[in-house]
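Heads up, there are several structures right after this.
Two complexes follow with subunit A in common, the first pairing it with subunit B and the second with subunit C.
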Partner chain A sequence: MEEQLKIDFEKLLENSNFSKKNVEIKRKSFNNFIEKGFPNRRQENWKFSDLNQIISKNIKNLSFYNDLSKPNKIDQSIFIDSLEHNKIVFINGRIEKIEFDYEEKNKIEILDDLVLEKPNNNNNSLIFLNNAFVCKYFKLIVKKNYSLKKPLFIYNITNKDLVSKSINLKVDVLLEENSYLKLVELSNDKSVTNFININYNFDVQKNSILKNYKIDNNSNSNIKYYFNNINQDTNSVVEVFLLSSGSEFIKNEINCCLNGKYASAFVNGVFILNKSKHHEIKTNINHLAEYTKSYQLIKGVLEDNSKAVYQGKIFVNSKAQKTDGYQLSKAILLNDNTEFNTKPELEIYADDVKCSHGSASGNLNENLIFYLQTRGLNYQEAKKLLINGFLLDVVEKITDSEIKKLIKNIMSLKQ
Partner chain B sequence: MREKEIAKLKDYKYGFATDIESIKAPKGLNKEIIKFISEAKKEPKWMLDWRMKAYERLKNLKEPNWQKPKYPKIDYQDIYYYSAPKSVSEKPKNLDELDPKLLETYKKLGIPLQEQQRLNGIAVDAVFDSVSVATTFKDKLNDVGVIFCSISEAIQKHPGLVKKYIGSVIPLTDHYFATLNSAVFTDGSFVYIPPGVKCPMELSTYFRINASQTGQFERTLIIADKGSYVSYLEGCTAPMRDENQLHAANVELVALDDAEIKYSTVQNWYPGDKDGKGGIYNFVTKRGLCKGVNSKISWTQVETGSAITWKYPSCVLKGDNSSGEFYSIAITNNHQKADTGTKMIHLGKNTKSKIISKGISAGFSDMTYRGLVDISLKAKNSRNYTQCDSLLMGNKCGAHTVPYIKNKNSESNIAHEATTSKISEDQLHYCQQRGLNPEEAVGLIVNGFCKEVLQQLPMEFAVEAQKLVGISLEGSVG
Partner chain C sequence: MLKIKNLKADIENKSILKNFNLEIKPGEVHAIMGPNGSGKSTLSNILSGKKGYDVSGEVLFENKSLFDLETEERAHKGIFLAFQYPLEIPGVNTNIFLKTSLNAIRKARGEKELDAIEFLKLVKLKAQNLKFDEEKLNRQLNVGFSGGEKKKNEILQMSILNPKLSILDETDSGLDIDALKIVADGVNSLRKKDNSFLIITHYQRLLDYIKPDYVHVLMEGKIIKSGGPELALELEKKGYENFN
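Right, the complex of A and B next:
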């Protein structure tokens, strides 16, 4: 693979006109990646999901260069029409549409082709890979005191033409003071066996609110890695909801730093897996200031040979007194060959804190099924009702009612 | 000067060193030393070969480095691997022949070997540096067929049993410190409980590191044959020294059908002084194998000593219906560091495990609970319950929880809970209102916090452990 990487990297530099500074950083990142390679299970972070193995098992002849010069046709049918929204559309890693029809134009700014940041001393080789191969680096800025009237949907679409490619996207979102953004990411994949590596960087300033809903619902054979870095200032609120269900493999990594007092983060997620899918959610919540709060709830329903992994960490700095941290993960294993691995971790250096975590996994409670059967439901219906209730618990945590409704529809949950 | 010494001793009352002549093998780790140890123990050839195999493997191994407490590099060539009190180079036949200085030492430690000979109670095997110096109550145990002796003696007298079981739970191919132990282990206890026997008394081993610059590498092997029961206690102390000493023991437990082993430890090695100077590195491998059906292994530990504690008493639940338990209190103060927990590996059907871990950190210390619960595909209908609570005293210390939970079986249930908090002001206030001073109040609350685990200890140990909890936290309040 190394040979292929080198060829593709040179091809990319040849065919694009990056600034000199960017080329330099890209080269550095590239060398860094070559040195480290794809992460494998020997790294603590990837202990339960050996990406190196998963990629070599699922993708044959992975190539890294993508010709982005030709525009793609947008298939209108994939847009959600039940609610009005702003759109950003990526097709096969190329940006095709930016549409903020409902907003004041001067309150939103989109920058592209930014200078890449120098890779800091990080062990995550996929960030280096992203840095090396990303074509356009976008930044979305929501100006001070502005609340978006409608949610913003980012559509991540891949079509049939894309086979065994690697897509790298990098998006920064800056919420200036007192601003408000609802961001929904939807993916729709018709492509087969690609490796998609997306880097998000959220900067949430004082008193701002970010609601981020990531929906991976339609079945596909792609391998995905999402890295979300969130920085929160005083009194900011971040809500993340993950629906992890469609792709063959997906790892959602959330690294959240609560830098300002009274900042709070809510991370909720749902795994609904079947076949041989293997999904992971990794969170890293860093409490770095006083009176910060975090809440995490992850639930999973696993069928067939699927495997889910949750690695959640709460870190509390010695300055972060009065921290409130909570974390709960639960899974229902419906088949014998399913697997649920968790590592709920607490690392605490302050004494006046309230931190707890819980984790449970097992099968559906037969007594509950029996109870429902005595009320006239058949076995399958009873099972379905119980799973419905189990998952609804997480979806109900979504604070935006419109989007909650949408997600319930997507998940076909009943009220 | 003397006053200073006494003041020091107050902190760690077992900190005295006994001035006793000892025979030491030269420093260093090499084939000659291993041969020397083996010869000194009059071991048969197979044992030496086994040690050599371990040593060969060790050469290509690296020390693990994933643990939280980092420690300065240990120079393995700068340690005495064998040290024995001169007076026991020929093992005494009974206690009357034992060097009075040794008896005195154990008396100071609160283990009067002679008195215990007369009183009914606990059978003790005392290990001083590298050798076992005395085992009490031999006759009485012999009557019911229980073998309780030092492992060196067992290698000579019961080679069949030792050969069959040594390395069956912690194989030669294990991690660095376990392999090091396999190569250079000096002494330890050996227990065999014959089928259907309930051991009539508590068995106990007392470990003492006395000589400086020595490491203690003991190996304990406990076998509970079908339908038997044994309760085993272990205590440890060491003199106060400025240097760090290494303690890398291996403990193997094997429980056959319907057998039960209860293993309790009160670990009180010298923790180093207030500034974190000196103290023992306690890198111990403890593993129990529930080999037979319906077998049970239960670990109870009270960890208050050592500069660095790094150990995970584990249960491999291989037999159907077997169960494993782990109860732990770990207390760190000053600059102590602990990375401890357990592993429950469920292999058989209907296996059960329970983990209760209580961690208390004070001063500048750091405490980590690290545990693994692994339910394999074949372990149908198995269950695990884990609870780990941490208490923080002061904002210079840390408490961490790192549980690994793997469930590969839909018919199994796992539940895990963990909390971290400090002692609530309300509780403290309430106790003080009732006339307790702040220190007593904290002691009371901490004892309540630990009660679930303390209850698991045999009576004699429970009292000692309760006191130990209080002493370990002295000076951490206010």
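Right, the complex of A and C next:
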């Protein structure tokens, strides 16, 4: 693999016009990745999901250079037509469309000529990989006091031309003071066995609101890693909802820093997994200022041989008095071969805080099924109704009613 | 309507019902009274098809063996069990549950399913008759309901599904006197010449409000005495221990 990495990296530099500064940073990042390699279970963060093994098991001849010179045809049928929205479309890692038809033009800025950040002491080798191989690095800025009129959908599409490639995307989002963005990310994969590595940086300034809904619902054989770094200033609100269901493997990592007083973060998610799918949600919520609040609710329904992992950490700095932190995870295991691993962690250095965590997993309650059967539902209908209710509890936490409806439809949840 | 002949039921090699016999004709109300552990709940579980029992003997409902039917098929045929401890189902809206249930049964019987408007009209009427707080119909099923509300909800379900045979498993337990009256009125309003009831209870109290045609005393898995409503009074006076 190292040979391939080197060849592909040189090919990338040869075929692109990176600035001198960026080439320098890319080289450093590249060397860093070569040194560390893909993460494996010996690292605490990866102990339930050995990415190195998962990649070698699922992807034959992984390559890292992807020719982005030619545009891809956009399949319009993929777009959601039930609600009006702005669009950014990626196909096979190439940006194909940026469309903000519903917004005031001078309130939104998109930068794509950015200097990469220098690699720091971060242990996360996948960020180095991303830095080394990312082509265009975008930054979306929502200007001060502006609320987008319609949600922004980022479509992450891969088509069948893409096989055994590593795709690296990097997007920064800056919400200036008192702004508001609803961001829905929808993936749609017809490609097979790729490694997709996406890096998001959200900077949510004073009094701003970010609602981020990440939907991975189409069954596919790709291996994905999402790293979401969120910085929140005073009185900002971030709401994240994850539908983790379609891909063979996904790890969604959320690193959220509540830097300003009264900042709050809500991270909710559902795993709906079957076959050999293996998904992870890893959160790091850092309470770094007084009166900050975090809430996490994760639920999973696991079938066949699937496996879900939730590692949720709440860190409370000694300055962050009056912190309110909560996390709960629950899973229904539909048969004996499924696995739910959960590792709640609280690390608290302040003395006047309210923090709690809990976790439970088990089979569907047969007494509830019997109750529903006495009311005329057959076993399958009863099971479906119970699972529906179990998951609905999380989906109901979505605060945007239009998007909640869309997600219920996507999940075919009734009510 | 219901014929039980020589019913035996074991659970984990423990014999619960021994040689149990009972016949209920259309329109009749039967009460079964017995102490704790006499097999009352086992009887209601077996009639509604709960798994986990070894059974022998014969249970016929409208001349067909119940043992050949799954729990939901028994519901489709018109058997209803009001639970002693109604279950809470988080995430499942009470109205949605009632509609799903009613339509599953109507569909199985080849009847037209009710649409949302027809259903709401029906449920509203039934809820009013039972003085059931309509606001609760929009809540998760039984979640946060008091004991009395849960029992009333069972009777509400019964009145919506309009079963041929209703089995009430200790529906009176945990009810205050007002709730007991409402529940009894609900049952009485469903008494018709084709609808039968099997009322399982500890106490004679409920039978002050629902007049049974027959009373049976169940001890150690067998009916040891049958009679009219006066038997319940006698039992109340003597207690189970001195009865025989």
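FYI, the second predicted complex is superposed on the first by the 415 of 415 C-alpha atoms of A that agree within 3 Å, B and C clash if a C-alpha of one lies under 4 Å from a C-alpha of the other, contacts with A are read in each partner's own complex, and residues count from 1 in each chain.
Throughout what follows, contacts are C-beta pairs under 8 Å (C-beta built on N, C-alpha and C of every residue); 3 or more make two chains touch, one makes a residue touch a chain.
What you see is a predicted model, and the numbers here were worked out from it, not measured in a lab.
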First (subunit B), second (subunit C), both or neither touched by A:12:
neither
On the A-aligned overlay, A:148 touches which partner chain: subunit B = first, subunit C = second, or both, or neither?
neither
Just checking: does A:318 make contact with subunit B only, subunit C only, both, or neither of them? Give me first, second, both or neither.
first
Identify which of subunit B and subunit C touches the larger number of residues of subunit A.
B
According to the stated criteria, A:375 is in contact with first (subunit B), second (subunit C), both, or neither; which is it?
second
Go through the superposed model and pick first if A:338 touches only subunit B, second if only subunit C, both, or neither.
first
Kindly list the residues of subunit A that each of subunit B and subunit C touches, one partner per complex.
none
In their shared complex, at which residues does subunit C touch subunit A?
48-51, 70-72, 74-76, 80-81, 83, 86-87, 89-93, 96-97, 100-102, 104-105, 108, 140, 157, 161
Complex contacts: residues of subunit B adjacent to subunit A:
66, 377, 390, 392-422
Which bits of subunit A are touching subunit B when the two form their complex?
44, 48, 318, 321, 331, 333-363
What part of subunit A is in contact with subunit C in the complex they form?
367-368, 370-379, 381, 385-386, 388-393, 414-415
